[in-house]
Amino acid sequence: MNSHAEKNEFTSDEMMTIAASRMLKSDDVCFVGIGAPSAACNVARLSHAPDITLIYESGTIGTAPDILPLSIGDGELCDTALTTVSVPEMFRYWLQGGRITIGFLGAAQIDKFGNINTTVIGDYHNPKTRMPGGGGAPEIASQAGQIYITMKQSLRSMVPKIDFFTSYGHGNGYDDRQKLGIKTTGPTVLITDLAIWKPHPETKEFIVTNLHAGVSKEDVQAHCGWEVTFSKQITTTPLPDATELNVLRELHKRTNAAHQRI
Amino acid sequence: MAQFVSLQDAVRDVMSDGLCVALEGFTHLIPHASAHEIIRQGFKNLTLVRMTPDIIYDQMIGMGCASKLIFSYAGNPGVGLLRRLRDAVENQWPVPLEIEEHSHAAMANAYEAGAAAMPCALFRGYLGAELKQVNPNIKMISCPFTGEALAAVPSIRPDVSFIHAQKADRKGNILIEGIIGIQKEAVLSAAKSVVTVEEIIDEFDTHPNAVILPHWTIDYIAEVPGAAHPSYAQGYYARDNSAYKEWDILSADRDLFLKWMAEHVMQQTPDVFAKRAQFTNPQSTGQGDSCDE
Amino acid sequence: MAQFVSLQDAVRDVMSDGLCVALEGFTHLIPHASAHEIIRQGFKNLTLVRMTPDIIYDQMIGMGCASKLIFSYAGNPGVGLLRRLRDAVENQWPVPLEIEEHSHAAMANAYEAGAAAMPCALFRGYLGAELKQVNPNIKMISCPFTGEALAAVPSIRPDVSFIHAQKADRKGNILIEGIIGIQKEAVLSAAKSVVTVEEIIDEFDTHPNAVILPHWTIDYIAEVPGAAHPSYAQGYYARDNSAYKEWDILSADRDLFLKWMAEHVMQQTPDVFAKRAQFTNPQSTGQGDSCDE
Amino acid sequence: MNSHAEKNEFTSDEMMTIAASRMLKSDDVCFVGIGAPSAACNVARLSHAPDITLIYESGTIGTAPDILPLSIGDGELCDTALTTVSVPEMFRYWLQGGRITIGFLGAAQIDKFGNINTTVIGDYHNPKTRMPGGGGAPEIASQAGQIYITMKQSLRSMVPKIDFFTSYGHGNGYDDRQKLGIKTTGPTVLITDLAIWKPHPETKEFIVTNLHAGVSKEDVQAHCGWEVTFSKQITTTPLPDATELNVLRELHKRTNAAHQRI
């Protein structure tokens, strides 16, 4: 499955980040989760979506960091932001206020309806593994216009039933979300290291619409804990082009240099 | 009214076992020196409040200071989990830790409500989120005009809040710039407050709408340069990202953790922070060596 | 996305009879030019929202634009009463005016809640105040944790908000400095917004925490120097206090009022404000002559 | 009754402002109403209480204007303030937050328990005179630590029964205030152009504790609509001293010059 990485000289991680970056447009106002989403958002900004507005929950609005922040509040984010507001204002006026078009999240555990668990493995009160918890995600998931999710596939991360509903996606599918009084669209795309998934218009189950180059349906199923549905018109994700790869690699190079101590 | 004192004296005066304490700073300006001083003075049974417990609460929890934690994201941002916190939650080591868990939106609203002396905060939150099934301090109430179900959480009103800021002036007014996070609310919601600052200057020369806490909202000010390290102080020194990555290793093992704490916290004073931070000034990022001096 | 247009075009595009409209600015940066343009274009049956109706709403009410007013202080600050507003409330002249009256705290909370897309605002207010007996939009609800009775009011969500600001940059971001009042909330709570500015510059060079409204929160920007006169724009021109005192006389009589409006509003364009404000720059306070040019 | 003005070369207005200013201390945090309260607060700051914190509802904290503002939001207030916050923050964090020690109000109509009407004369829905309304006062009255009131006496302004409870004082006296759940002390002093009044410790009725120089009990009663109670130990308000008079007059002189147009 990783053979395409050598063949085409890019890794599946790079493919994931670049495929995710392509989902974003210049007029998006994106609430950025740390890690994979942050890389995708900044690649978009540095390539095809130069005017995209990136917002981090630390309060930085319209930020344009030259390196990837390690946390959601590195100084780089403030230095390059249009303005920086308080955390209560960020959550009240900007997220709850409905000013965010895209919330871009990662996930430790996800189900086929885009519900996310980042809280516990096992029982909440007696956990096998205590994870960080929701942070901003529960309200990003219900208040941003749409949710994009990006994560690596594995049997541990893509499960039939998540242990805890940290952030609500499409519940058990269909109009579960509307029934709870949530007015936003919810997850509209999932970008993994193997494929691109979109919710079925009716059932809201994530189905594979694109396979990344060199990835088979069997690869996808082998790294997913539920029985995968594939679109009838499945296409191959366009390869990363030279610009995209260059932007991503230079970004990581600058980032690593800045985070290094001699 | 703000008194200028040493951090040791501030912590001695203001702290006692069993208090509800918030140390805030959202990635930026995290009051590490204050956390270390509380650990050194050996306070126990604290209820710790913080949106992002981060390294400082990992250290305080690992050293047995806390019996309860109120939080919304218990990770080492961008690195991984908090291993001492996990050990306390999963294995009750060194002491059991009760947790009250919220989302960021809830905590931010709860601090805001605390600063406004409200008993509770109201927001459109927790829709579909399972936390409201496990946390009895999340309730849903109806808007009296539209009937919409809205989330309510108790406001946060700590006994003491600790923050770090860039500057104090001689009158004891405090200036915070950059990522201002939740610090203003942390101070205004608390009965008492302790502020460490990078420096004390004669007079501010800043923007009319800059975030300034007047001297009569502050109880103690201690000048502790570098007090946020390995967090950062905009305009003074950068975030020591390597220290955050190293913490993941140092905190993985109980003995390694205790040895590190003995050497880098228990045997030190607040003065050590100036040296730790000087290698990470914004002009020379990448030169810090905090964790192994 | 912010469009740069003339104030005439902005008002024509965004306004229609019967809308709920807020023109905000707390003493500072009051959007006088926008009020005059709305009057000139003859819109009627508006619900006007404003904490301090002030001269602009006295003028709009006196010219028959409004059928309802939501407000918290209907005075000419430091001078006296608003005579056109009184005439409407006491004598239904020129048309009847329904009022919904609040306290400042309630209106400030209601705008804040509107900016946060909440259906209502909750605060500790109206204790012992008789307004809650005469205004059905004030309700008391119980804190779900303490049982304390708290006041609730509907959030403010205008169809259109008008504000005046010091600067826009070429991308359409807006900078407000000094007494920032309720302007950010007025814009963020509204479905559409129109901002007049003193000037358009290439790029802001200001404090990281300055009050900036991003271009994607604004619909129309019109460059109208002096648009706040006889209110003021910090850094550009001072408050023309004499004009406020003169208004007390000009507005006392219906005919005098109509004559003044005909001459100074109906026969003018937004361009006239630049001239009105130039005599009251901060360096030469006391030189303005707005009301008799 | 105005004879003392000539005799001692100050007016009853000046006496009122100076007597009011003396109530304030350097460590007070005072929420300043416009008009008479503003003059008193600034005279205090420019004489015996240089470190007093003056706050205006427009958002200016720790302001030190060189002239008296005409409105509560003149540029002078921001220019000289420690910092300026938004109006929602002012009412939530600073006033409701309990950070104000003194709320200094004026009044159009007041009763003997310090209840204030600035809303209507006559019926609310069919008013004889529509006044400006409460503005900040309803919550200043319930949320500031104590309330100081200053106003000129007249039969129209000091009435047996106010037409509308804009701002709550002591209700019908005794512990009415506590019964409503209000935790602050309420009105603790009333300074008029004729006298100084303080609430009776039990009944909470304002009683005259000081008469200004040259003012008789009959003068006070002649300008008050309820039957006045006088303290048994009534004293004469100390005369304005040269410094106080000078500070007040210079302040008014600078203010008039600044507000004048040629």
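All chains are identified by letter, namely A, B, C and D, in their written order; residue positions are counted from 1 within each chain.
FYI, a residue touches a chain if its C-beta (ideal position, glycine included) is under 8 Å from a C-beta of that chain, and two chains touch if they have at least 3 such contacts.
Please read all numbers here as calculations on a predicted model, not as lab measurements.
A separation of 28 Å divides the Cα centre of subunit C from that of subunit D. Taking each chain's centre as the mean of its C-alpha atoms, subunit B lies 41 Å from subunit D. Counting partner chains per residue, subunit D has residues 78-79, 84-85, 92, 96 touching two or more of them. Those residues of subunit C in touch with two or more other chains are numbered 112, 116-118, 123-124, 148, 178, 180, 184-185, 208-211, 234.
An unclassified topology is adopted by the chain contact network, corresponding to no line, ring, star or complete arrangement. Pairs of chains meeting the touch criterion: A-B, A-C, B-C, B-D, C-D.
Subunit A makes touch with subunit C in their complex at residues 27, 29, 53, 61-62, 78-79, 81-85, 92-93, 96-99. Residues 116-120, 122-124, 137, 139, 141, 143-146, 148, 150, 152, 154, 177-178, 180, 206-211, 234 of subunit B are the ones touching subunit C in the complex.
By the touch criterion stated above, subunit A contacts subunit B in their complex at residues 34-35, 57-60, 69-75, 77-79, 84-88, 90-92, 95-96, 119, 124-125, 127-139, 141-143, 164-168, 171, 177, 180-182, 257-262. Those residues of subunit C that touch subunit D in the shared complex are 26-28, 51-52, 71-75, 77-79, 81-82, 85-86, 89-90, 101, 103-105, 108-109, 111-112, 123-131, 134, 148-149, 178-182, 184-185, 211, 232, 234, 238-242, 244-245, 282, 285-289. Taken together, the subunit C residues at the contact with subunit A in this complex read 1, 112, 115-118, 173, 184-185, 188, 208-212, 214, 216-217.
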